[in-house]
Amino acid sequence: MADFLPQFTQQLINGLSLGAIYALIAIGYTMVYGIIGMINFAHGEIYMIGAYVSLVTLTALGAQSGVPLPIVLGAALLVSVVVTAGYGFAVERFAYRPLRGGPRLVPLISAIGMSILLQNYVALGQGARDVSVPQLIAGGIDIQMGEGYSVVLPYSRLAIICVTVVLMVALTLFIQYSRMGRACRACAQDMGMSNLLGIDTNRVISFTFMLGAILAAVGGMLIGLSVGRLSPFIGFIAGLKAFTAAVLGGIGSIPGAMLGGIVLGLAETFAAGYMPSQYKDVVAFSLLVLVLLFWPTGLLGKSRLEKV
Amino acid sequence: MSQNLKNAAIAALLTAVLVTPIIGLQLQRQNFELTLIPHWDKVVLASAAVFLIQLLHPYLFRNGRTAIRLPAWPQLQPRQQRIGMLVLLAIGFAWPFFGSRGAVDLATLALIYVVLGLGLNIVVGFAGLLDLGYVGFYAIGGYTYALLYNYFGFGFWESLPVAAAMAALAGFLLGFPVLRLRGDYLAIVTLGFGEIIRLMLNNMTELTGGPDGISGIPKPTVFGIEMTRRASTEGGTTFHELLGLSYQSQHMVIYMYLLALILAVFTWFVSNRLIRMPIGRAWEALREDEIACRSLGLNPTAVKLSAFTLGATFAGLAGSFFAARQGLVNPESFTFIESALILAVVVLGGMGSQLGVVLAAILITVLPEIARGLAEYRMLIFGLVMVLMMIWRPQGLLPATRPQVELPT
Amino acid sequence: MSSALLEVTGLRMGFGGLVAVDNVEFTVKRDEIFAIIGPNGAGKTTVFNCVSGFYKPLAGEIVLDGERITGKPSHQVARRGLVRTFQNIRLFKQLTAVENLLVAQHRQLKTGLVSGLLKTPGFRRSEQEALQRAAFWLDRVGLRAFANRPAGTLAYGHQRRLEIARCMITEPRLLLLDEPAAGLNPQEKRELQLLIDELRRDHGVAVLLIEHDMGLVMGVSDRILVMDHGKQITTDIPERVRADERVIKAYLGES
């Protein structure tokens, strides 16, 4: 029993940081779904691209010695966010916009094609094998829990939690009070009406994709630094898990995506303690299936009565 | 024109910025240090390509509608479709007598995709249900034969109906809870189920051999007579001994091909009948308006379930044939990409169009063989084609023509 | 056997705090043509959706021919002989007119999978009979000439008739028509009135309809239920409804 508390604290931090990453990606799913009602299947790949761009920038800056670490990290984050936002914009422009207004399954199939395209594009450019990310944020806080037990809370994971909290607050304020945020909410309620009222809906949609990509890029950079490994195929599973988080929280709801991400991260981390490790993905997919089947409205979603 | 030029320049610049960190600067590990190898030529190439496409954009597309004509056959009447099928069939039966060993083997693979494509076409094309986990039923078919052989010594012919039945059962059981979901959620849930099936096969090492799978699966017999160099049992007769021929491995290749052809013809026949039966009409009606169907007393879940189960059955047949052809099964063969590939066959051919699906299945297996130099780019091109098809021709290369019931007026 | 075909008691339905239908009660007798009228937003279609199983009412009972159907899914309600049309016509637009009528017979066709695959004589006969029934109904509503046209390409009035034929081919006991005269010209309205009368006379079907066209309602209905703001104002024969102060007030507002 004595080792319960340290272990619990460790797991809690792990779960929260994992959940924060899910939340960052899930917001992209939920906002796009809320506005144009499509599952952006390629969003996981956007996250993966964010991770790669940040690693490339880190490597490029790391070559020049003498630059302080915070500046290197800040610059990598900035470049990653800008470039990934560009990808979000380009994907929507190229693969989804021409299909708008068609049958529901057409954009989904296009998104699946986009996902395969991006995966293999990165695999061609950067190699299909894992690359390791240098441990730039090393060390952690050592907490003594008494009786000789101690817990190490890695800075990299704490950074994930802190950065995510800051971004979530900023996003909430932005959606609530800014002009663009209001336009986003208006479009989510009624696209046609917003258009009639003079909102440039194309711009709002582009913006939504870019915003989702920015958050995913931050998530990608943070996960690279904390896990220390990247491959062109990390986006598929992460994307599906984040989508599960978005549905769990109630698709279309931004606070829901945050909550769903945290809940999923915690559940996965604590369940992993009782499960052979190779069943981790089985658990994740089972959760995906169960949530969609039995709780499609999620925690904060609204159920809609079918129009007859 | 200058506006156009400006747009193209902006697009090219954007492309340069976007592709630089992915293909322009390649990460390379040297002496425990990550370094970057620049490939500026690729960046320039990509930007130039985007510049040109963007520059020509107004001439390629007018008013958002495409002005370029994709290669596509004209809308075929049911009669012409039937003739097309007969021609394909004639080529199919003549093939092994003219084609080389490699060509026949490749054609066998193409026929497996024909079966899978036609099977998925029932689900996606006829009933309009996007099933992203179709490969799961394919896996169940393959593993059913592999396991029955491994543990009970079943042969191909005994296993084939069991494999079909197991896949159908799986389709029924999985379909039951999922089919009340909306289209896009259904797609993701089926994807989840497909992955769960694969991961379970991967993890249950004692039963399935884990990632290594099961090997040494025998080829089908000819009415109980083995087609091997030597009989596996003492005193058994083999095919070439019986006919007094010398043993040639070519015979087996042709035999497998003909079996695949029969399987494909059977699948085509069944799906062709289904769409003309009351159940086929119900699928079409359901695809159009579920509420109207309910108001007429059709149980949507039951109607969808029938499509889902029938589609799974064909995946099961294809799976056990696949196991026999390869001689081994492992989870690697049943990834999501495989599902996407089969879906691409249906989408490319034209959802609901049987002839289109057959042609697309042939195209998708034969093209990578012809363009071997592009092997590296295979999946990239494949993803791109899926996107472009949705933009330019969502109805597929050979759009479906509905068989109509004619009533004299 | 009581004379009541459909009995609705204490029906209540709402959407998130908003009460759309409150305590509505009525009975449709066998062979009766019964109309529900009321201003827009009175809750008429909500009553329809509850009765036909598309909505689950919050309270109340719906009994069809002695059998409780409250909360049963719509396709099961339809199988018990209660079939409806829709305000904004829901035909299978890509299917031809005759195919629409074939789909509607899905429940009556009892051929199995194997007989269909093998095209057995039994299957052919069954399909032939289905086709004949479809031909009969196309004749009946005067659409035989358009049998092989996609339903979506038919004229509006024809689509309305086809939707009614599609209901009738399921051999219902109670036919629910949701604003069948909407968008029809006066000539078509007269034909519709005639058709409704004939359906009852020749096919023994009771009709429950929602309609705004007073001429049609007064001409065809045996009894009329008037609704306003989700509440039932009165249920009576047309002559008395016409003269009812409360009804006039509901339509014209307080003055």
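By written order: A, B and C. Residues from 1 in each chain.
Note that in this section contacts are C-beta pairs under 8 Å (C-beta built on N, C-alpha and C of every residue); 3 or more make two chains touch, one makes a residue touch a chain.
Predicted model only: the values in this text are computed from it and were never measured.
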Middle chain, criterion being Cα centroid separation: B
Taking each chain's C-alpha mean as its centre, the one farthest from chain B: C
Chain pair bearing the highest count of C-beta contacts: A-B
Rounded Å distance, chain A centre to chain B centre (Cα mean): 31
Mean-CA-position distance for chain C and chain B (Å): 44
Chain centre separation (chain A, chain C; CA means) in Å: 49
Where chain C touches two or more other chains at once, by residue number: 54, 86
Shared-contact residues (touching 2 or more other chains) in chain A: 306, 308
Where chain B touches two or more other chains, by residue: 291
In the complex with chain B, residue positions of chain C that touch it: 52-54, 73-76, 78-79, 83-84, 86, 90-96, 98-100, 102-107, 109, 111, 113, 116-117, 119, 130-131, 134-135, 138, 144-148, 166-167, 170
Residues of chain B touching chain C in the complex: 270, 273-274, 277-279, 281-282, 284-285, 288-289, 291-300, 402, 404-407, 409
Touch list for chain B against partner chain A, complex: 14, 17-19, 21-23, 25-27, 29, 34-36, 64, 128, 130, 132, 177-178, 181, 183-185, 187-189, 191-193, 195-196, 199-200, 202-203, 291, 336-337, 340, 343-344, 347, 376-377, 379-380, 382-387, 389-391, 394
For the chain A and chain B complex, residues of the former touching the latter: 38-39, 49, 52-53, 55-57, 59-60, 62-63, 79, 83, 86-87, 90, 94-95, 98-99, 102-110, 112-122, 124-127, 131-132, 134, 236, 240, 243, 247, 276, 278-279, 281-282, 285-286, 288-289, 292-293, 296, 306, 308
